[in-house]
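For clarity, chains are labelled A, B, C and D in written order, and residue numbers in each chain start from 1.
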Amino acid sequence: MTDTALEPPAAGEHSHHGYITDKDKYLNRLKRIEGQARGIHKMVEDEKYCIDILTQVSALTSALEAVALGLLDDHLRHCVVDAAKAGGEEAEVKLREASEAIARLVR
Amino acid sequence: MTDTALEPPAAGEHSHHGYITDKDKYLNRLKRIEGQARGIHKMVEDEKYCIDILTQVSALTSALEAVALGLLDDHLRHCVVDAAKAGGEEAEVKLREASEAIARLVR
Amino acid sequence: MTDTALEPPAAGEHSHHGYITDKDKYLNRLKRIEGQARGIHKMVEDEKYCIDILTQVSALTSALEAVALGLLDDHLRHCVVDAAKAGGEEAEVKLREASEAIARLVR
Amino acid sequence: MTDTALEPPAAGEHSHHGYITDKDKYLNRLKRIEGQARGIHKMVEDEKYCIDILTQVSALTSALEAVALGLLDDHLRHCVVDAAKAGGEEAEVKLREASEAIARLVR
């Protein structure tokens, strides 16, 4: 799964999405989140005490929220700001997308 | 990681936590959740479009919420009901624990 | 408006819902919540700065959550515990209701 | 409380916050929210069934979320877009404020 990290990106493929200010920080957090999910699976397998499992689920949810808020902040600072400067239909699309993403996070 | 599933549980170790009504259902869901976390890691690695990543984070959060609500329902139906019948300090402890777990999920 | 608190309840009408451990505490909090809602209305009317309005909306949401968690705790301690002791269909109904109410709060 | 609606705004006082695209829509929603809060107060006073009160609290929370998401969308479309075009420190401040407001709504 980490193979792709060793390959160079296909030329230009995602140059326009280079908005993530600190990619390694996100990759580390998401590795930890994967580990947390694996840990919860193990806890259910071992029939750990339900309240302790729920505590870990809440911790995982908080970690995911922090990632989402970070990505959204990066997105506003780059994609939305650029689109705002450009104006027109593209700005409208980016703003609608951002508001819809925020609504999904809040609900 | 799934080795433990093949081992018998240590004698009596968690026999008193056999509250999970459908353990396989939870294990399958949590496997899927691990896969979703891995997928989000891959999306950041590949610098996918931020809004698409956020959509997957919201989906993962919803999946976690569903697991948490299921576990909590099982917990109320078994541990809390049993403690309520027994009464006394144990009932008080279980109720406080349950309320605190609910608060962590809501906030 | 608080007159009803001084009157005896109509015979049997809500004697079975006397589960609220500290009714005045809830009434005071809900009075404050009404005031917060009125304040937000005023802020929009006066076209206050959007971020300041959002801060007040978040504070109001937190206050509501605290009321909901308190009521739910009372409900578990009284209705659900009583139903658990009685057992049967009534216990099943109360548990399902409680889980559904928790799910509405979490989502 | 509605007196202020009859007074003209102090000259220029909030001309720079005229970002709300449909003020009457928000004022109507917030009036309804006040009514919902009052209704919940009445339900506690009358010792209505706890689950029914919780249902109303969830409905009120959803109504508040809808207002917050609407205000945030307006804010992004006006204040943040304008600041993005202007650039500099002001843009930075507006973006940080917006991200913090989103974080308060999500948590």
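Operating definition for what follows: a contact is a pair of C-beta atoms (placed from the backbone, for glycine too) under 8 Å apart; a residue touches a chain by one contact, two chains touch by 3 or more.
Since the structure is predicted, the reported quantities are computational estimates derived from the model, not experimental observations.
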Which chains are in contact with both chain C and chain D? none
Chain located farthest away, centre of chain A as origin (C-alpha): C
Find the geometric centre of each of chain A and chain B from their Cα atoms only, then give the gap between the two centres in Å, rounded to an integer. 21
Centre-to-centre distance between chain D and chain A (centres being mean Cα positions), rounded to whole Å: 27
How big is the gap, in whole Å, between where the Cα atoms of chain B centre and where those of chain D centre? 34
Using the touch rule from the top of the page, what residues of chain B touch 2 or more other chains? 65, 68, 72, 98, 105, 107
Line, ring, star, complete or other: which one describes how these chains touch? ring
Taking the top-of-page definition of touch, could you list the pairs of chains it picks out? A-B, A-D, B-C, C-D
Can you check the complex and tell me which residues of chain C touch chain D? 1-2, 4-5, 9, 14, 17-20, 23, 26-27, 30-31, 33-34, 37-38, 40-42, 44-51, 53-55, 57-58, 60-61, 64-65, 67-68, 71-72, 74-75, 79, 97-98, 101, 104-105
Where on chain A is chain D touching in the complex? 65, 68-69, 72-73, 76-77, 80-81, 84-85, 91, 95, 98-99, 102-103, 105-107
